[in-house]
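In what comes next, chain A is part of two complexes: it sits with chain B in the first one and with chain C in the second one.
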Partner chain A sequence: MKKMKSNRTSRIIGHNVLIGVLAFIWLIPIVWLVCTSFSSYPGMNTSTFFPKEWSLIHYQKLFHPDTVQQFPRWFMNTFIIACFTTVISTSFVVMVAYATSVLRFPMRKPLMNMAVILNLFPGMLSMIAVYFVLKTFNLTNSYAGLIMVYSGSAGLGYLIAKGFFDTVPRALCEAARIDGCSEARIFWQIVIPMSRPILVYTVISSFLAPWMDFVFAKMILNAGISANYTVAIGLYKMLDKSLINSYFTIFCCGGVLVSVPISILFFIMQKFYVEGITGGAVKG
Partner chain B sequence: MRVKKVLACTLAAATVMSSAAYVSAEETISLTLWGAEEDQTLLGELVEEFKAQYPDQTFDIQIGVESESTAKDTILTDVEAAADVFAFASDQIFDLVNAGALLNLEEYGEVLSMAGKTLDDVKAANVAGSVEAATVDGSLYAFPRAADNGYFLYYDSSVLTEEDVASWDSLLAAAEAAGKQVGMTLASGWYNASFFYGAGFTNALNEDGTTAMDWNGTSPAGYTGVDVVKGMIGIASSPAFMAIADGDITNQIAGGQLCAVVSGTWDAQAAQTAFGDGYAATKLPTFTVAGEQVQQGSVAGYKFVGVNGYSVNSGWAVLLAEFITNESSQQKFFDQRESGPSNSNVLASDAVSANLALSALGKQAEFGVVQNVGGKFWDPSATFGELIAQGNLSADDDAGIQEALDTLVEGVTAPVE
Partner chain C sequence: MANQKKGGAVAAVGGFFKSVGGFLSDFGTAFVKGDVFVKLSAVWMGAGYARRRQYAKAVIMTALEAAVIAFTIVFAMQYVPKFGTLGTVTMERVFNMQTMKSEFNDYDNSFSILLFSLFSFVIWAAALVIWMKNIINVYRLQKMDEAGEHINTFREDLHSYIEDKFHITLLTLPVLGITVFTFVPILLLIFVAFTNYDQQHMPPSALFSWTGFTNFLSLFGGGGLTTTFSYAFVRVLGWTLVWAFFATFTTYIGGILLSLLLNSQKTRAPRFWRTLFIITIAVPQFVSLLLVRNFFSNGGIVNTICANIGLTGFLRNIGLVSTSYIPFLSAPGWAHVMIILINIWIGIPYQMLIATGVLMNLPADQLESARVDGAKPYQIFAKITMPYMLFVTGPALVTDFVKNINNFNVIYLLTEGVYTTTNQAMANSQAKEVDLLVTWLFRLTQDYYNYKMASAIGIIVFIICAVFTLFAFNRMIGNGREEDYQ
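For the complex of A and B:
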């Protein structure tokens, strides 16, 4: 009995040490980024891990745009794009998920399969085609084009949300339908309130896609007008050979600040997330 | 295309008749201009001055950011979407011309009369090398704007004397005695070609886009490629030599371990900070090839401003490109950005000769070679430089060196698919 207990203790210790080591390894780059962003030296320092002198000066510079870096502007641009994308793609995902989960219509299964298979192809494959289509419609160098690209195929990622909707008791929907409730009302007043966790998940993931995207933004916003950049392109441009020596630390500051909205979003949403899961569990 | 023709006709007409005919010219002219990020403020000023030159015409000129060094890649992604006027580095001119991304300026010569000039004036105003580099098949394709895309030697005169920096041997010996190091990037075809060019070897670009290279043979000056490599190994194997990774030079200068470094004007600030009062610059040293001292060559690079071949308002675009590169603009580029002018008058001014880095560049320019190479040049030559930097080749292994050179030439001269 005693032996078993000590066995268990050592296993727990072993697991935690392993987790600790992995967490340490994963955190190194982030710690480095945060530390470097507080360096007083503007260029890239590869000789020491921690900066030699600490300073807040580059954060100040980040908020005083010059011709090279216009971080506040880029931040707003990206934020606007991300907000629109979040709203559009979340509604796409939820609507598709509802249709496939609750409604019954011909070709439902084949359509679902097709959507899943389509979603397996990386979006980058369509990049060139997307570019030329947008160019034809004069949508390059416009946020509308970018938002369309980000949210256009969102509906294909319905699978997880559909799985969640499947757990909403069918009897509730049927009862509502008998009482003469429309599909829209069932969707908004019955299914959605019971699916907060998955809604949160969808919102976060659809916010992250445009927030962190570089490839499509770089391709579509190709006029080189600095004020129209998104954060990702703007930060990337700072690493140009001729700029890196005076902008690297500012770049790091930007990198740190980019994570702020994501963290805030997660903190707000986390409350609902936990609430949704536990609430759902009690209802059984 | 039609608009272009109409504009060309209008301009031609305007030159014949009075300029009054020109005043009625149609609506707003939209142009996009691409330049390096660090030049944005200055470009903004120049654009305002350009507008002021033609008060009767309304312009909508947007300034975008595109570094000279990456201009080609961005432009060739979609030439039609690229800017009307853009700055680029001289080595990109062949690819840009081949893609039709550059306007043949010879066909727009008469447009320049709007600015009171001819194309020959432009050619005469800039140093011969820059005009030559901007000319493809006898036609001028871009306006030279700067002649500072080359490298030379920065050194700390409190550690090294002028005699020390005359040759690599004395330079390394003095550095070693002082417990310091001399830095240079070897793992880049842009830097390591300097040794071969010094010994008389060449590169050329063939019509089909492949690169011609004779580095594995014997140069017209009578040195073999193996001799040159031995000289390079002699330098690289010295404990006082620091082989710097491409792009890491500024960081290493700031590191404080170096007393001399091979770099260009872009590092003037860093070198000044690191060397303090000892800050000095001069031409590259000589190095030993087959027992003789040979002056190390260098790559002469220029910055150009070109006009997009697909530009709708090409006439105005040519005028804008010319304006940005004219004498007074180059003077401003020098004053504000310490950019080495290609305009002979600006180059001869006292201020430019007083600039240590630019005058060193001028001294080295004599040994500079315009590097005409295709896209296949860079990777093999970088690898080759890395071999030497890592000490993988030994100075007494002639066959091994010859083999490495053969591999290099084979890689560089490979057909372009």
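For the complex of A and C:
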């Protein structure tokens, strides 16, 4: 009996050690990012894992822009773009999701079918064509163009929110309708207040899109001047072959500073996403 | 979720044509059975409304009709007539005797012609639908009038947009956005694939024209002497499929295993461990991937460590490496394996999250009874967990495969500027061994302005994705039955 118990304990220890080892492997690059950002040497440290000398000097440099790196500006640019994108995308997503979920109208099925077909086109491909269009209207190298690219087709990503609205009890809406409530009021005063989890999820995920994105920003802002970049493009340009030796540590600092708020939002979104899916299921 | 999303792709096409048919027959009936004012509405769109005393609506429809006609005369006619040739007048400098200055002639811009013609076609199509819808509406008004029913005043009509027509209020802007930013660009891409729009034919200084299937021919090996596109295309396509296969399945299986490991009763502090893994995906990809690429660079830290512990020397001795460093991301073979490994690093935590969510709903009684019957853990995994996972996440697996075919970020951020091809034939068509079709296409447009080939590749990618999706879904599931859940 005793032997069995010790056997079990060693199995538990082995199990947790295995997870520990995996987590260790997974975190190596992240730890390296944080450590390198505190290095006093501006280029890439190639001989040792941990910096030889620790200092905060590159964090200070990050807030004193020069011609190449203008992190505070980039951060503001991305923030502005993200705010606009959030407002437009969220309203598009919620509007489409609500219309297709709660309302019944003749064009509902055909429209949803169209969305299925359009979703088969990878976003990347249509964006190359969008680039042509924006170029014709002189909207490349402008925030307006980038915001349009991020939020213009947001309506196509309505399915998660629709899944949530589908679980809102129909009896509530029916009751409101019988009491003479208009469709618009049902939308604003009954369904929207009940949908906090999915709203938070939609808001955060559309806010994160511009922060996480690299391709579209590169495509549209590439030829612009440094002060107009977003964080992604700015940090990418710092790793250019001619710049990497003097900017690598600053890149790490920027990477850490961008990752902190994004990670926090990401974790919040996580929670609401699960809540939006499971919470809705319980209600229905 | 994904089940609903793409489940009915085949039914979608059928359903779409069915509803178009219904609309057309409504229109036919309305036009044939309508009175003279309904028929007059075909010419003057406000006629039917004016007859039923809906003057405000009559004014709006008349204004709309006037706007479309004005658009056609003032704007569309500049471009659409040239659509067949895409312009004939090349840009030239001519000396203007009046101003004594050298000026440009009245040249054609092929791209503007193509884009604005397309734009006009979309507007006309929308106008046609509105025109037909208008006749149907007017006919309904006529019948209501004949039956002596109440006809809405303008105020009541407006009010209906927050009542029974609320969906129109909600959907107008999003649908407009999708039309402008997804639908029209896709059409444009399809058209460009049939032209010779490239660096030698760049508007405004030069014209481009229709070339039929030439671009597709050169992709599939009929390109003649100058191009090597078909050579590069086969290789890039092959790697794209290999990559998509490995990237999807390694992370999928890995994610399930990791989530089983974390959710086991033996795990202490599962939330803590899960958080550690999620940190990896919470960091934006452009930071983590750019970092990893320097981590593994030719003169990077991993290479130093490998040299110090003698791994580099060992690999050189057995002939796997011919340089003084290990070319993790800069030689074919090495780079391919590394990219898939790094993708595992990025992808597994993500799949773990999804798998955790799904596994929570795993029917516990089945597991329990299997355990009582004495099933081994791996038997439970193979006979209960995996079939359940496959059943629930099967559609997501297909979507993931398609996403990986288009996984631009991982490939571009890891290899751009690091990997240079030594294969002359690949370099001639601006491709690299590690390129996916999308990264190749991106480089062709951004750095080499070869829009015609990029568009052709884009269409091929779409066909691959669409055929694969339709095929996989048709085999896996039927149409999504969303009403069942309500």
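Here is the rule we use: the second predicted complex is superposed on the first by the 233 of 284 C-alpha atoms of A that agree within 3 Å, B and C clash if a C-alpha of one lies under 4 Å from a C-alpha of the other, contacts with A are read in each partner's own complex, and residues count from 1 in each chain.
As a convention for this text, contacts are C-beta pairs under 8 Å (C-beta built on N, C-alpha and C of every residue); 3 or more make two chains touch, one makes a residue touch a chain.
All values derive from a computational prediction rather than experimental measurement.
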| item | value |
| --- | --- |
| Contacts of A:237 with chain B and chain C, given as first, second, both or neither | first |
| Partner chain(s) touched by A:57 [first = chain B, second = chain C, both, neither] | neither |
| First (chain B), second (chain C), both or neither touched by A:140 | first |
| First (chain B), second (chain C), both or neither touched by A:212 | second |
| Which superposed partner A:222 touches (first chain B, second chain C, both, neither) | both |
| Partner chain in contact with A:29 - chain B first, chain C second, else both or neither | second |
| Contacts of A:46 with chain B and chain C, given as first, second, both or neither | both |
| Chain A residues touched - chain C or chain B, whichever exceeds | C |
| Contact residues common to both interfaces of chain A (with chain B and with chain C) | 44-47, 131, 219, 222, 240-241, 244 |
| Contact footprint of chain A on chain B as seen in their complex | 32, 34, 36-38, 40-41, 44, 62-67, 69-70, 74, 77-78, 81-83, 247-248, 250-251, 254-255, 266, 270 |
| Complex contacts: residues of chain A adjacent to chain B | 41, 43-47, 67-68, 131, 135, 140, 219, 222-226, 237, 240-245 |
| Chain C to chain A touching residues, read off their complex | 1, 4-6, 8-9, 11-13, 15-16, 19-20, 111-112, 115, 162-164, 166-167, 169-171, 173-175, 177-178, 180-186, 188-189, 192, 258, 261-262, 264, 266-268, 273, 275-288, 290-292, 294-295, 297, 299-301, 303-305, 345, 349, 353, 357, 402, 405-406, 408-409, 412-413, 417, 438, 441-442, 445-446, 451, 454-455, 458, 461-462, 465-466, 469, 482, 485-486 |
| Footprint of chain C on chain A - complex, ascending | 11-12, 15-16, 18-19, 22-23, 26-27, 29-30, 32-33, 44-49, 92, 95-96, 98-99, 103, 105-133, 136, 148-149, 151-156, 159-160, 163, 166-167, 170, 182-185, 187, 211-212, 214-215, 219, 222, 232, 235-236, 239-241, 244, 248, 251-252, 255, 258-259, 262-263, 266-267, 270, 274, 277, 284 |
